[in-house]
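There are two complexes below, and they share chain A, which is joined by chain B in the first and by chain C in the second.
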Partner chain A sequence: MHIMEGFLPVAHAAGWTLASAPFLAWGLISLRRRLREQPEQRMLLGVAAAFAFILSALKLPSVTGSSSHPTGVGLGAVLFGPLAMVPVGFVILLFQALLLAHGGLTTLGANLFSLGIVGPFVAAGVFRALRGLGASLALGVFLAAALGDLATYLTTSVQLAWAFPDPVGGFAASFAKFAGIFALTQVPLAIVEGLLTVAIFNGLARFNGEELRRLKLLPGQEARA
Partner chain B sequence: MLIDRCAHASPWRRISPAAKGLFALAALLGAYLAPSPGLALGLALGLVLLTLAGARVPLPDYLGAAAPALGFLALGCASLLFSLGGPGGLAPRFLPEALDPAARLGARSLAALAALLFLVLSTPLPHLIALLRQLRCPEVLLDLMVLCYRMLFVFATVFRDGRTAQAARLGHAGARRSLRSLGLLAAGLLPQVWLRALELHQAALLRLGDGPLRFLAPSFPRARQELAWAAAGSLGLLLGLGVLA
Partner chain C sequence: MKRTFWIFPVIFLCVALPLWLVPAPPEGEEAFSGADGKAESAITDIAPDYTPWFSPLLEPAGGEVESLLFALQAALGAGVIGYWLGVSVTREKQRRERQSASREGPGGDAD
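After this line comes the complex of A and B, so read on.
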């Protein structure tokens, strides 16, 4: 994902920015309230942002002015919830643009919608649904991270297909083209990200179990995913 | 981080970030307003020369910073030249009529990328964060930026230390052990940094620091003058594009 600077037509760039703005405002309000109640989470959110920044910097060239890479937001969404990940996603994307020229300022809104909004909401939804159904922590974390990653890429494919519909087949053909070519690199990357997230979660449970219990992710004695 | 290093080494780091930000914004607008691919390419070339000659960014570093984005752009424009729809089913079909829109898109993206690189290669990130603070960006977002920037260096230190320790114990002797070591390091990185972050929080609390991390803002004594020059340059750029249109 990460559509590059200047790649989207102006109406699409502005439209996605407007679509992302209310989520960012909502996320900021929620984050401010949360940090008032649990100030120790400030540092941890900084860690989650830096971690996602590093993971999403491991990029492979892909088609359509975009790239393939793990997103790293699934773990943050499971730990802190999807709303907290919207401002975190904004910071990651801004830093990617300013420190790596990856993504851009004009495409910040579109990239935030896919990586900072759709990805974390899907990841958190999958995790909660699976845990609600009695799935193990490992399966929940794995599928949350992998499906959150894939949802991000599907959203990017929708954004690109909408901006650049196929002259013959229209939106559907364009979406099939973008999503199909993304899938070559992204499906294996999503699986790797899922496995890595489970390994990291196990590490956190081992060394930072108290924090995970405070985040209501480790009820009682369950200490490993 | 190559861009961060170039920005800290550039003599233009002493110029007000507001002035450079304004000019970069005008250049981004110019990239979108340029009526022809030729003009957009001209704008891109001008911005590249300005960054190389003015901000004194070495050419190899500039190319290194731009290379990934240029690779993506080349693939992106090429993919727009093919269609998967139509009577041939999903077989890719060359679209000659897509050449012109792809050229426009490529030129616009190049100009926009050059504008972004002009800003980031001449302005260190802490200066941009200070600019965002001046522009009344929400405090919680700024705090998150400062923490994220700090944690990037903590991650780098932990990674380097872990890798050195693994190498000292022959953890990279052979492909199999190397892969195992890398996996262990990747899985252990976040929990380690997480612990350090909690320790940093506790250390800050012990020093009665329970609010956002604040640093001295860099000062730019000629900021007004520089902003005026940037405004004039921006206006000239946009008017020039308008006249040439």
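After this line comes the complex of A and C, so read on.
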């Protein structure tokens, strides 16, 4: 999902940066308030951030013959809500842009929008909707993480199709092309991300049940996904 | 945790199966190249005269250094998860020991 450095026209790069900035500021404020009010959540937040760090570094082969990486932001979005993951996504993308020449500073806004904003918001929304419909915790966590992952890659496809519409087919043809590269490759990886997220969530439910109950993710009595 | 055990073989299959299922790419092309790079060449297909207007400040000095940095990123994350797991297991063990000690009653020898 990394749009390479310099590969968005100036207007688009500036626009996505402006779009992402308020979310980043809002995310930082809410994160700081959360840690001040509930410092015992530090460990859980560390786990969520670390999970995103690992997953976004793993490039996995996919059935389309190309490789891509999961995002790992779904876990934190389910635990703390989507805003908490905006700063986490920002740190990951900045690390990769500065040291790895993966993504870039000019495309940081656009990449943050797909990985740090759309992904977590979709994940949190899917989780809340499924739990509201009475789905099990495991199914909710799985689909939240998997669909959040896919949403990130679809967003990247939209961003690129918008910036580079096909001369003949326009936005739609261009979107089909980029989605064919990103979203299709991502399907098996999204499933992997969903399964890994369920696995670590079960670990959290076992070891940090008290914290999860306080986050209203587990019912009052001992329960497991 | 018992119920999650089946997850890991499934993950392994998801990652390993493409290595068998996908036919070898034509001569000269890298197998399982990154989707980011493919998107980059799709951009040059759609807009041949687009020139990137900014280049990375720092490029990793070759593929080996790049994989070192990716491994470092994953290791940082894995370190934190490992710390959490260690703390959690110890905490649970201590809780269980405390419970069994209190069950033996104040008269019992807890040691």
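The rule is simple: the second predicted complex is superposed on the first by the 209 of 225 C-alpha atoms of A that agree within 3 Å, B and C clash if a C-alpha of one lies under 4 Å from a C-alpha of the other, contacts with A are read in each partner's own complex, and residues count from 1 in each chain.
We take it that a contact is a pair of C-beta atoms (placed from the backbone, for glycine too) under 8 Å apart; a residue touches a chain by one contact, two chains touch by 3 or more.
The model shown is predicted, which means the values in this text are computed figures rather than measured ones.
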| item | value |
| --- | --- |
| Fit or clash between chain C and chain B when superposed on chain A | clash |
| Touching partner for A:R32 - first (chain B), second (chain C), both, neither | first |
| First (chain B), second (chain C), both or neither touched by A:L139 | neither |
| Partner chain(s) touched by A:L215 [first = chain B, second = chain C, both, neither] | neither |
| Partner chain in contact with A:L58 - chain B first, chain C second, else both or neither | second |
| Contacts of A:K177 with chain B and chain C, given as first, second, both or neither | both |
| Chain B versus chain C as contact partner of A:F90, first or second or both or neither | first |
| First (chain B), second (chain C), both or neither touched by A:P188 | second |
| Chain B versus chain C as contact partner of A:A19, first or second or both or neither | neither |
| Identified clashing stretch of chain B versus chain C [38-46, 128-136 or 146-154] | 146-154 |
| Intersection of the chain A residues that touch chain B with those that touch chain C | 4-7, 10, 43, 46-47, 49-51, 53-54, 59, 61-67, 92, 95, 97-102, 104-106, 164, 166-167, 174, 177, 181, 196, 199-200, 202-203, 206-208 |
| Chain A residues touching chain C - in the complex, by the definition given at the top | 1-7, 9-10, 43, 46-47, 49-68, 92, 95-102, 104-106, 156, 160, 164-167, 174, 177-178, 181-182, 185-186, 188-189, 191-192, 195-196, 198-200, 202-203, 206-208, 224 |
| Contact footprint of chain A on chain C as seen in their complex | 1, 3-4, 7-8, 10-11, 14-15, 17-19, 21-23, 25, 31-36, 38-40, 42-43, 46-47, 50, 52-60, 66, 69-71, 73-74, 76-81, 84-85, 87-89, 91-92 |
| Chain B contact footprint on chain A (complex, rising order) | 4-7, 10, 28, 31-32, 35, 39-40, 42-47, 49-51, 53-54, 59, 61-67, 75, 87-88, 90-92, 94-95, 97-102, 104-106, 164, 166-170, 172-174, 176-177, 180-181, 196, 199-200, 202-204, 206-208, 211 |
| Residues of chain B that touch chain A when the two form their complex | 1, 3-4, 28, 31-32, 65-66, 68-69, 71-73, 75-77, 79-80, 82-86, 90, 93, 95, 97-98, 105, 108-113, 115-117, 119-120, 125, 128, 138, 140-141, 143-152, 154-155, 183, 186-195, 197-198, 200-201, 210 |
